[in-house]
Each structure stands twice: as C-alpha cells, then as structure tokens.
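Here is the structure we will look at.
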C-alpha cells in the first residue's frame, strides 16, 4: 500500500512532464524520495522488537532514552543475535504521549514494549488496549526472578483487577521541603519535624513574620494540573484519614474533604501564608521552583523529583549549589497525630511508571524476554547510572540509595506509609474536579462551598451519589 | 492644507505606536538565546553562544528543521498548485451553488483541524499506510488548508480581467497555457502569499504531526520544540529560546525572499 | 466572470478542480463526517467506552448546552472573536492598509515587515514571546510601565489574549485590505477630497462600496480562524479558572485531557453551526444594502 502511494506520486510527476514547471516537479520528487526512499531497514535479525517511551535524547528524560539506545539495545542484541531492537522516542506532555499510544493500540499496531504511567493501566486494560502479562508473554512471566525483588505495594502500580499488566520501573514519594536558612532566620528548629497541620501553619506564620515572601507553597488550582492533586489534595485527604477511592466508592463532600480544603483556605484565604496568584499562572509550578531556589519560599510540598531534578546542584531546572546544606525535608504530617489513613501519623502519595507488553505484538515471547531483561538487576543498575532514584527492585535500591540520604529517607521512611491513586478511567476527571475545588478556595471561596460544588461535579462524573462514599 | 499636515502627523504617530506594539513581544527572541541563564523575562543578556552549541548537541534539532521544510514546503506547493487550478476553474466556469459549497468546505475544515478529529484522521492515515511518512503529514494538513486557499484565490481570480485570456484563446492557446502564461503571472503575488500562509500554518502545527509520525528523525521542529522540557514539565529555556530563533529563521527567510521577488500582496498590478 | 474566457469547458474545468476535490474528499470531508458521527456516541480515548462505544443520540449536545462551563466558554469565545478579530484585526488591518497605501518610505516597510513577522512566527514560539512580555514578576511590559507585579494574564486574561490575537493576526486583514484598496481609483478619492469630504465620508461613500466583497471574505475567514484558534492556550492555559477558556481550549480539555472524544466531537460541530450563523449574519449585513450602495458608487462620490 505504501509502495502504491509512492508510485502514484511518481506517476503524477511523469504526467506533468512540462519543462516550465521545474519547481513543482522538483518538490514532488522530493516528496516521493523522502517519504519512500528512507524506509527503515531491519538489519540482519529475523525478529524486530520496538520499545516506545516518553523520553528522547537531548530532550525530556534524555537519560532514559540514552539508556535504551546505548545499553539495553546493544546488550540485548548481544545476547539474542537473531533479534533486532529499535527505539521509538517521544518526550512530550504525558497527555499527548498517552494519546499517541492509545491511538496505536486502538489500531492494533505500535511498539512491542511500551512505557506507561502506572495510573493509565486501568483505563488501558478496560479499553482492551493491554492484556495481563501472563496472557501475552506466556508461562515465563510467572517464573520471572524479578517478582521477589519488587515490594508488593510497588507491584500494585502495574496491577488492575488483581492481574499484573505491567512491570513497575520505580516509584517516588512526597514530602515537605523547607529552606533551612529561612527557618533559622525565623527562629524555627532544625531539623523540623511537624506532627500536625497546625504546626505547618505555625511555621508559616513565623516565616511570614520574618519577612519570607511566600511562607508556604502548597500546589493548588488547575494550572498546576496533576501536581495539585498529587502534592496537595490527596496527601491532605490522606492526612485527614480518607482515600479518594476505596472499596468502589469515591470520596465526596466529606469531613475529610472539607478539612483538606480548609487547610487551603488557611493558607490562601487572606492569611498571606501562600501566594494565590502563583497557583493561577500557567507556568506557576516552574516559577515556584525558581522562587524556592532563590530563597523566597519557606516550605514546599513536592516529590523527590524536586530534590533529584529541580534543585539538584548541577543539572537541575532551578539548581541550588548549596542544596545539601540548605534544603531540608520532612514527612507530611496527618491533620493530627494518628489522624491519617490507617491511623498513621504521617502520610504520602506515590506514583510511578510501568512497562507493558503490546498484546498485538507479533513476537510476544521475545517481547517478554526484552521486557524482563529491561527490569533485570543489571539493567536497572545501568538505568540509574550515576543518578540516584528509587527503582522498583529492592536489591538494586539497597546498593544504590546509600549514595543519597534524601532518597534513602524516601525509601525507608516514606514508602512504608505511602498510598497510590486509583487506576480507573474516570480518575483524571475526578482529579480535575479536585483541582477546581482548590482553585475556588484560592480565589476566595470557602472550603464548605468548594466541597459542595465538588460533590455535584463528582456525581456527574462517577454516575450518581450511589458511587460516592461518606 | 493644515488638516492634511495634521492628518499625516497623526498617521506617523499611529505608525510609531503600531511599530512599538508589534516589536515589543519579539525582544525576547533577540535576547534570550544569547543569555547565559535565560529566564522567561526579557533582560540584557550575559552574552554567550553556549546555547547554540547546546542545541546543536541535540541529535534531532537540525534535522527537524529540514523535516519542517519538507512537510511545510510540500504542503505549500501542493496547496498552491491544487488551489490555483481549482480556483481558476471555479472562477471562470459557472457552477451552481459553488460559493455555498466552498463555504461549507471551509466550515468542515475547521472541524478537521480541531482536536476532536484526531481519531478519524489517525485511522484514515493508518488504513492508507501513511503513518510515519512525510507524505501523510503533507496530505492531512493540505486537506485542512485547501478550502481557505481556494476561497481566497477564487475571490481574487474573479477580479482579474478576462480580456487577455480571450485574446490568447483566439491565438490558439490551450487552457493550461493560458493559465500558466497569463493568469499565474497576474495573481503571482497572491500565490506567493498563499504559499507563505500555508508554510507558516504547517510550521507551527503540533498535534497531527505528533500523532502521525513515529520516527523522531522525521519529526518537524514544532514537535521537537515540545521535547525541550524536563521530566516534571519545566521548560529548558536555554534550549527553547535558541531553538525558537533558529526555527523561526527559515520562515522569515522565505517571507523576505517572497516579498523581494513577488511582492507580498494578494494581488498586485491590477488597477480597476 | 460569467463567460468562459479561457475556453475551459465543463470537461477541462472538472479536470482542474478534480485534484483538489479528491484530496479534500479523502482528507477533509471523510474525517469531518466521521467526527460528526463520533459526536453522536459516548466514545472515549480509553476505558470501557473506548472498547464499546454506544450511540447516545443528542446526549452530548444537550449535555454541553446544559454545562455552565460550555456556556461561559461560548460567551468568552464570542467576546474573543468580536474583540480580537472583528474589531481588532479587521480594524487595525484596515487602518494600516489605508495609511500605508500612499507611503513608500523605510518606516512603512518596517511596519509592514513586523506586522507580517508576527503572523508567520511559529505558534509554539509566540507563546513564549508573550510570556516574556506579560509576565507578572519582571515582564517587559511591567518594566516599561513601572507596574511591577501586575499580573496581566491573571487579572485580565481575556483582554490579554484579545490583544495577543490582534498582534498575531492583523497581518492577514492588512494584506487583504491593501489589495482591495488598489481597486479604489485614486481619482475618485481626489474628487471626494476636493468636495471637502472628510475621511469617514470618503470611506463610506467611495471606498466601502468597492471593497464590500473583500470585507465579507475577510470577516468570514478571520472569524472562522479565530473561533478555532488554539494558540491562546499556550499563553493562559484557559485559566485562571476558565476565565480565558475559549471553545477550542474547551474542546482540547474535553477531548484530549478528559479523553471524552464523543463530547469533543459534538462541540466541534456546534462550533461549526455557530460559524454558519456568523456567516449568514455577515451576508445579510453586507448584501442587505447591496443595491442602494452600488447605485451610489456608480453615481460617483457625491450623494
């Protein structure tokens, strides 16, 4: 078919054999050559496998792209001489990447091994875009050595309806970061270990009195997108003792929701503890990073990404040369001690990416081998190469995380108390509704009104009040 | 006379204001690429050319500009040729309801260029085996641009005098010859404008290029520009500003070339 | 126009139109009709409805029309189109064309150049340019006006994107009117001037009757384009709190972010219908006084 399109173009060129139209002919020839001449040659191997990931060399997540092209592909091909592996990079907004992968899988094409955000697993499975690993990869899947190395909670990232759809790549955790210099200036203790929301507010008040421009940055509003939900509403909700989705029911206008939005109101409702405008700006989150790095923000809730990639002294987006001395971190407290989910004193939220097999792969067996290979201890260690982050494998973490106290803190102190988002198709819309509720509070509304409005929206999204818990 | 002088003075002040209004936003493009630590704001740069070195290190940056030229240039040529032929025929031969039909096509083009048409367009391209080809991008974007191009060109072909064509016909010229030697020279500035318009429209397009292409070696600059972010979605301003400048240059060059060579008007030289 | 000057004949005329028609049929009409069909289903990008979309009839339409967010968005879009396209682009474009028509100096060429430059810069790039201009912390505009910390994009989001779009799109109207003004014989304007007619009078009596068709073309095109203009998304993301969420941004949010492709398709069709209403209104306005004006124009500048 592709060939015939090309011939068609070339024929058109022949028809227009008129000397006075060289430009047109030239252009059409260029079209024909470029669209047909540079087909992808599949080398000598009899099997070709493709990896798709939202990373690209020289752009977004370039380390991960370089790992695939420089380590995974050569190493795997060395061990499997009859297999050729190619890489299909993207490196764009997650939503756009998700769209492209969905379109591929919908038309039963696409790469053999695909990167997905763990939160998409449920909706992709429901759409029939992905199948349980064991169904695609066969018996080899259950016998994989790696399962024993991945903690059950982390495995949950790739599980939907009790079935394993993907292998988790790693995870993260959310904490409160604070500026020790500003804390000293405000006469606050170091290390700072708040045990209730009130202590956060108190610290904010002291920071404000000491002249800190933005005492507390708690992400809010729709412009911040999922960062509002993950770093803001959901940890607060967990701290008030509630999860967004449990046992088939969503959390609506409950006491916990009003408490969570109430904290937003305390920070943004005229107290001057937070900067409402920063939450509304289209690039507000980037700005909050820059302002933290410039010493203008006292406390900021973020994932360990902030430590690894934002204030990281050399390659960060908003690098802080003295990060290790100035930036402190502490667990997010529950509303009051013991008031969090499962009776916890502190809470967090986690997410993470997974890799899945394309159920329409022509070579599902080799594809599983490739996927398993990418999650072997050796591959995981190579993936981390130099940078420290939390992988899914305990054996690798034990070895690597010793290099960075912050990430060890996340692995040892935060992951045991963390929670995950529900992987169902309607979640992104619920998340948007939560963001809108915080936006209403930031622009001066009351927590109770915002919570009630959220309840109305939620009913429309999840199919009525019957699916909403207390 | 006083009124005239006053009028000219007002006009000059007005032009100065317009000039300031249109120049002001472009300052960032002139300063940020040369700044050691570019921010979102325009500032006097701490001069450096490192950003250019950094963008050249990106394996896809330069190639993507070539891809944009292929896709934008291909679409521009296709749109100009097909639209000129169609507009000429529609202008010279009476087809009942042609204006209404043309406007309906124009309306439909607004549906197809929107986000919601993504699935039909993708499935169509899949079935025609056009995924991951320059040709696929060219055909899809041309489909969206053609109605407006025909609409504009027909409007102006309507106004070119037909007397030359009649005499050429008397001397036995074929319609294609008439079109080439008489009509095209008359509306050449208009054709050039449509070409630049088509190129500029394709140049900034992202969504369809992104979903239709797979191999980053074929991705146009607008797609690569979107990859210059970090994992958390923060823009790499050093790379973005520098690439923006490089990426804008070909369109500006084409505009300068066209305006030098053909003038930059919808039609010129025809006085009623 | 009425005759067949080039001797095309029906057959050759068809051959001339055919290539464009084939391309349009395959890559425009077909996907457009498919999209309109999707608007009648509950189709989603992922999840259960992706696997088994159901026909839901007009539910998407009633849902959208009943959604206050859609109605707000529609109202914002009308203001946006009216302010930035009909008043802004067409007005400024005509003013520039009128002033520049008799000037040939370097300044005029420079003005024309920058106006066109703002039109052809890639849309991905212009977003960043306007950020740099309007940024609240130390944007160029605040520095110039000595208004540090003024949040243009947050306090006046709609005005910001209107001004932005005037900047972005005036070039088209300017070019179109420049070309149109060449159809106005200078001698007629001279006569009017000698008769002591002011500029508004000249415009009304001499210029407008001759460029009516161009005004119509211009308004039709810029309204349609502005109605479907997604670029403001780069600037404000539709915010704060949807206060600059014009319809294309609304569609993007519904179709891509929320994955509700069926609803997005339905709204796209609604946008089409609204544009149709606009087109009919323009036709009525500009053709209504057709006869009277034409007679006036034929009779010369005096009325």
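We call the chains A, B and C, going by the order they appear; numbering starts again at 1 in every chain.
Quick note on the criterion: contacts are C-beta pairs under 8 Å (C-beta built on N, C-alpha and C of every residue); 3 or more make two chains touch, one makes a residue touch a chain.
It should be emphasised that the depicted structure is a prediction, and the values quoted were computed from it without experimental measurement.
> Using C-alpha centroids, which chain lies at the maximum separation from chain C?
Result for max centroid distance from chain C is chain A.
> When contacts are scored as defined above, which chain pair ends up with more C-beta pairs, B-C or A-B?
By the number of C-beta pairs in contact, the winner is B-C.
> For chain A versus chain B, what separation do you get between their C-alpha means, in angstrom?
Their C-alpha centroids are separated by 36 Å.
> Could you put a whole-Å number on the gap between the CA centroids of chain B and chain C?
16
> Would you pick out the residues of chain C that each touch at least 2 other chains?
45, 131, 137, 256
> Going by the contact rule already set, what residues in chain A reach two or more other chains?
96, 99, 106, 283
> Mind pulling the chain B residues that touch 2 or more other chains?
Counting only residues that touch two or more other chains, chain B contributes 40, 118-119, 226, 235.
> For chain C, which residues are in contact with chain B within the complex?
Residues of chain C touching chain B: 1-10, 12-14, 16-17, 19-21, 23-24, 26-32, 34-36, 38-39, 43, 45, 92, 95-96, 99, 107-108, 110-112, 114-126, 128-133, 135, 137-141, 144, 167, 172, 175-176, 178-179, 182-185, 199, 210, 213-214, 217, 220-221, 224, 227-228, 230, 248, 251-252, 255-256, 261, 264-265, 267-269, 271-272, 275-276, 279.
> List the residues on chain B that touch chain A in their complex, please.
Touching chain A: residues 39-40, 57-61, 70, 73-74, 77, 81, 118-119, 122-123, 126, 128-131, 133-136, 138, 180, 207, 210-211, 214-216, 223-224, 226-236 of chain B.
> What residues of chain A sit close enough to touch chain C in their complex?
Touch residues, chain A against chain C: 95-96, 98-99, 102, 106, 120, 123-124, 126-129, 221-223, 277, 280-283, 287, 424-426, 428-429, 432, 436, 439-440, 443.
> Can you list the residues on chain A that touch chain B in the complex?
Where chain A meets chain B, its residues are 1-2, 5-6, 9, 20, 23-24, 27-28, 30-31, 34-36, 40, 56-61, 88-93, 96, 99-100, 103, 106-107, 109, 283, 285-286, 289-290, 305, 309-310, 317-318.
> Help me check something: in the complex, which residues belonging to chain C touch chain A?
Touching chain A from chain C are residues 44-51, 131, 136-137, 151, 153-154, 235-242, 256-259.
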